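Letters are used for the chains, namely A, B, C and D, taken in the order the chains are written, and counting of residues starts over at 1 for each.
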Amino acid sequence: MSEPLVTFRNVEKRFDDFVAVRDMSLDIHEGEFLAIMGSSGCGKTTTLRMLAGLEAPTSGEIRIGGRLMNDVKPHERDTPLVWQSLALFPFLTARENVEFGLKMRGMAAAERKRRALDWLERMQIEAFAERNVATLSGGQKQRVALARSLVMEPRMLLLDEPLSALDANLVIRMQGVLTRLQRELGITFVYVTHSQSEAFAMADRVVIMSQGDIAQIGSPKDIYRAPANRFVAEFVGRNNILSGTVGETGGNGLHIDTPQGRFVAHMPETVPAQGAEVSFTVSADLVTLSLTEPEAVNKVQATLISEEFIGSVVTLFFEGADRLEFKVQMQERALLELDLEPGSAVWLSWEAENANILEDN
Amino acid sequence: MMGRGLNIFLGLYVGLIFAFVFAPILFSLVFSLNSQRFPTIPLGEFTLEWYVQIWNDEDVWQAVRNSVIVSSSTAVLATFLGFCTAYSDFRYNFRFKGPYLALILLPPTIPLIIMALAMLAWLSRIGLSGQLWSIILAHSVLTAPFAMALIRLRLHQMDPDLEAAAWNLGGSEWQAMRHVIVPFCAPAIVSALCLTAAISFDEFAVSWFVSGLNKTVPIVILEIVQGNIDPTVNAIGTFVFLTSMTLVILAQVIFIGRQIKSHS
Amino acid sequence: MNIVNRRLDLYALTWRLPIILWQLVFFVGPVVFMVAMSFFVVRNYRMMEAFEFANWERMLTRGFFWDSYWYTLFVASLSATIAMCVAFPAAWALAFRASESVRRWAIFLLVIPFFTSYLVRTFSWYVILAESGVLNAMLGYIGLGPFRMLNTHFGTIVGYLTLTLPLVVILQTVSMANIDKTLVEAARNLGCKPLATIWRVVLPLSKTGFIVAALFCFILAFGDFVAPFYLGGSQEPTLPILILDTTKSGQQWPRAAVVAIMMMLTLFTIAFTAIALAYRKPKGARA
Amino acid sequence: MAIKDKTTIKHYVRRDVLRLGGGVALSAPFVGRAWAQTTEINMLAWYGHGEPDMVGAFEEANNVKFVPKYYAGGDNMLALIAQSPPGTYDIILSDGEFVQQLNAAGYIEELDANDYPFDDMLHEDFTKFPGHWEGDTLYSMILRGGHLGVSYNTTAMSAEEAASYEGFWKPELAGKVGHFDWHLPSLGMMSLKNGNGAGLWDLTDDQWQAVQDVTMTLRPQVGGFFDYGGTFNSLKNGEMLAMCGIGDWITGVLERDGAPVASVIPKEGGIQFTESYCIGKNSSKADLVKSFIQYMMSPEGQVKSAQMLAYPGFCVTKAGRALLQEVDPAEAKRSHQMDGMPNDPIALINEGRIHYRDIPKQQTLEDWNDFWSEYKNA
């Protein structure tokens, strides 16, 4: 693999006593769409701001294209940022906003106007070029903000929760716009968000952060199916988490004794010692529901508590032994056939290879 | 029932308050057009005599010129100082920020007569008294807080990312100042210019102490009131009123207008 | 916002330094020099640098200084009290009974007087209040008067109110208009009588604005020499008049400085107390 | 104030206007009289001395412009000089008794007695006026004088009542007696009332205490303390019915205007204020100032001084008085500047009823001033 575009080496950022980013090491590759995800205060925005030069790392190294960037001022970088607030200049028109960066670079007026109009056209908002940005709609502003950054022809575009202010329909549309743009331009996108759906829908790789640490790096599928630790498991998706102690390790997998019974999980790369505390996850959509006791290695009995519909997918919440909550995701159509009502007792089961051992417990 | 009666009473009361506040202003206007030297009721004849008198008075014109120089220079200086402070407060956190802000915000709480005394003693000590720009120096200290307050309010309305966005797009801090902060604050800067100019244009106590032989309009008014009182005071007052009002209305239209717009 | 660069650089200094230097030279300088001056001595009408307490001793042991001092404190407090009381019904009406646009216009109108010459307004009052003036002439038509209004405490207070009333009405109106109206309605709903509502709900909620208004009023009246001189006839000279008199007589600037410093100390004490009161959290009630 | 005859000058030159238009009407203020270079003369004086009626003609003839700074009271004058950089004021109009102080402080230049008409004085006192000479060196040129006594509203007081300072205590005048806000003339009058006569400024501590005591008894009568404008107005509009510390210099103006006021020299005696010109130390325009003083000492100048709009003062030269009688007999009569008139100011001096204003001899000015503050506060 070629030299990464960006490398973080043991980067730490403190604000007085508060550690925003702790000992971060991360490579970002040319042309990838990287999402950094986490709840507020996890350090994701600080990471992005360090990339843009708006914060200087307290220790460690940040390199872009091999160059040490720790003390390079923001305006000497080529890292345009699409702001959460959009930060469009309210006293300028859409076109003037887009021209701003070119003007700072000292480009001749005619040339920068041409480029700005090109980009506005590409974003399909050329009709609003001479309008004051304050009069534009949310989606239009978003496109101006994108055009303003992209007109700089950067190697890397930084995006800080750019879609958080838009309504749901628009978010889906803009996701399409963003992924298409990224593919067409072939440049690196570093996308900070707290929204799992945005990150998983668009990113090649996702970085999950928690309290200044990287919790997991991986493709959306990796993270979804195999959360590395409890934090990720709880943060991402509909995971059922069970904890217990390692029993005997037979040929068919790892045996784990939990209050809900003994389960078999597929053998992880590093085998925990017998008697060790261990947790594992099972994705809600990989749990099978049956009214009668199924022929399965891993099964529990549970009672339906409630249901939650999102589109055609329904999430069922069950209570198992020891008041443990189970989640099961299925198509609404499949649910209708089962004819459940709250209080119904059912069997839940899953395959051993769908049980994913967490690195921590 | 009671509410209605109360409303009528309150309406009258508010009217009375406004009558009190505007009586001296309106009477001054009436007196300035009245032939009597010591006006009373019934009023004398309508006359423009007092206006003709000040129109023909070279000293008044000189004072107007001085006042224009003083108030415009004060406005520029005070607005610059106010802008610097407002921006520093907005942008930076630093040790001793409290004393720093107190340094600029304190002067208006000190009575003008004390400022006048201290200013004259100090300025004559360092050899800067008795000049037209002595007034400008003193007024800049007195009015800068007002400029600071207006501009700080405006900066408060600014998305703090805006400045960083300008850096992010390749603008240096200076360029960001020139192309983002200043344009964004423009309405407040204009308002501050108008407001500080208006305050300076009307200030007499400090001016009177430090001006030496240079007279501004309020000093001429003070001298007429102290000396040979006559209704030219009212004529000058009406003129000052119109000048100040023009500035204030400009400031209101520009600043308040924007504020309402940006809120809606 | 976050600070990109915590080191002081040319850019940061450009915005921070000018005002520091400027205020040091033209604000701190004068005030400090005034304090120093209060220790100078005057010989043969010339001020000489010295460090003697003679001026302090002389001024602070004089009955007339303390008479003036207490009198000034008294009239400034009185005028603040009167202004607050006179302004309140109007401010209440503007805050609770007037529409948003009426209120905005009222405030705009009340700002106007600040931009007319205070001297001219005072002179106007002088003519209005004179024994043969406009007001007495009008009263004469209905068979009253003439009343003596100039060169009295009444004249002084009229002058102070000219200076402070618009400001007080504005501050009271704004601070009451900002109260959450539902709280007032809730109190009425719970059976609170109108006056009790004002006392128990409106005033506590607008306390800060009211204290600031009273403070401004006090400061302005405390330091004004125009009203007591031109409308009060210098009867019982207030401290500002004493300062003027002292500077006029025999170059006694050091003594004037003593009076000025005493005034400033008094003002600062009162201002800090008032501000502390204004921003003090109510006991227990809310966090 | 009558409409000022505008003879003053713009600082920039409208040569072009003149060259092209020649006789363009020059009434608008923007098109002042065009003189190439106007010299400014800074004047420190009582109110009115720098107004056009006094200096206009001289300004026009000599292409100069007077820039006046007005003061009220000799100590005020000294304070103003002390606050200004040396050489600020070219000409200082001082009260006679303060010339000595000016000289002691080194604020004024020597004069040459030969430049001025000392051979034409109306009274020998004016020639060697106290304090104006240091040995044989002249420091100040007396311009004019005026007499201070009881000033009153003739509808409220009779001439008999006004013939003594006792008149101020008339019960009907309660709250209607004003003071000119300067301690020297008012306290001087109180000293005269106490019968100190010619020794009115030279008081022993007991006498001084007695003066303070009697002054304090006047306090309930007092309705206010006024500057020039306030004094003028409150007499004019009836706010005050009697005024202590002034004389014809204010009532004269009001009288000319038709107001029912007058001033008399009461039986206890009156005080004379004396106004004199000095040349400021290091003035670069001393020659111009000298010719201005000479002009004001000429008959023409003396008449201007007697007619001064702000407040009148009597002529000190015989030629000046003669010219006044000739060109403005009404004013000469009003101010009794006619030989043989009962209240002729010169005759009053000769009768010994007039005492020159002076500064306290045994007390300091500060003592007097402190008492004045105390009195105002009482």
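Methods note: a residue touches a chain if its C-beta (ideal position, glycine included) is under 8 Å from a C-beta of that chain, and two chains touch if they have at least 3 such contacts.
Labels paired with UniProt names: A = Polyamine-transporting ATPase; B = ABC transmembrane type-1 domain-containing protein; C = ABC transporter permease; D = Extracellular solute-binding protein.
Please read all numbers here as calculations on a predicted model, not as lab measurements.
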Two chains share more C-beta contact pairs than any other pair here; which two are they? B-C
Select the chain whose centre, defined as the mean of its C-alpha atoms, is least distant from the mean of all protein C-alpha atoms. B
Measuring centre to centre with CA averages, how many angstrom lie between chain B and chain D? 37
Length of the line joining the C-alpha centres of chain A (Polyamine-transporting ATPase) and chain C (ABC transporter permease), rounded to whole Å: 59
With centres defined as the mean C-alpha position, give me the chain B-chain C (ABC transporter permease) separation in Å. 17
Could you tell me which residues belong to chain C (ABC transporter permease) and also touch two or more other chains? 4, 130, 132-133, 230, 247, 253
Which positions in chain B are in touch with at least two other chains? 38, 121, 161, 164, 167, 173, 225, 229
Can you pull out the residues of chain A (Polyamine-transporting ATPase) that are in contact with at least two other chains? 53-54, 73-74
Under the definition above, what is the set of chain B residues touching chain C (ABC transporter permease) in their complex? 7, 10-11, 13-14, 17-18, 20-25, 27-28, 31, 38-42, 80-81, 84-85, 87-88, 91-94, 100, 103-104, 106-107, 109-115, 117-119, 121-123, 125-126, 137-138, 140-141, 144, 160-161, 163-164, 167, 173-174, 198, 202, 204-205, 218, 221-222, 225, 229, 233-234, 236-237, 240-241, 244-245, 247-248, 252
Contact set on chain C (ABC transporter permease) toward chain B in their complex: 1, 3-4, 11-12, 14-16, 18-20, 22-24, 26-31, 33-34, 37, 86-87, 89-90, 92-94, 97, 106, 108-113, 115-125, 127-128, 130, 132-134, 137-138, 141, 161-162, 165-166, 169, 219, 222-225, 230, 240, 243-244, 247, 253, 256-257, 260, 263-264, 267, 271
Which residues of chain B touch chain A (Polyamine-transporting ATPase) once you look at their complex with the stated criterion? 159, 161-162, 164-173, 175-176, 179-180, 183-184, 186
Which bits of chain A (Polyamine-transporting ATPase) are touching chain B when the two form their complex? 52-54, 73-75, 79-81, 83-85, 87, 89-92, 100-101, 103-105, 148-149, 152
So in the complex, which bits of chain D are touching chain B? 1, 3-4, 6, 8-10, 27, 29-30, 32, 42, 47-48, 67-70, 72, 83-85, 88, 227-230, 232-233, 236-237, 309-310
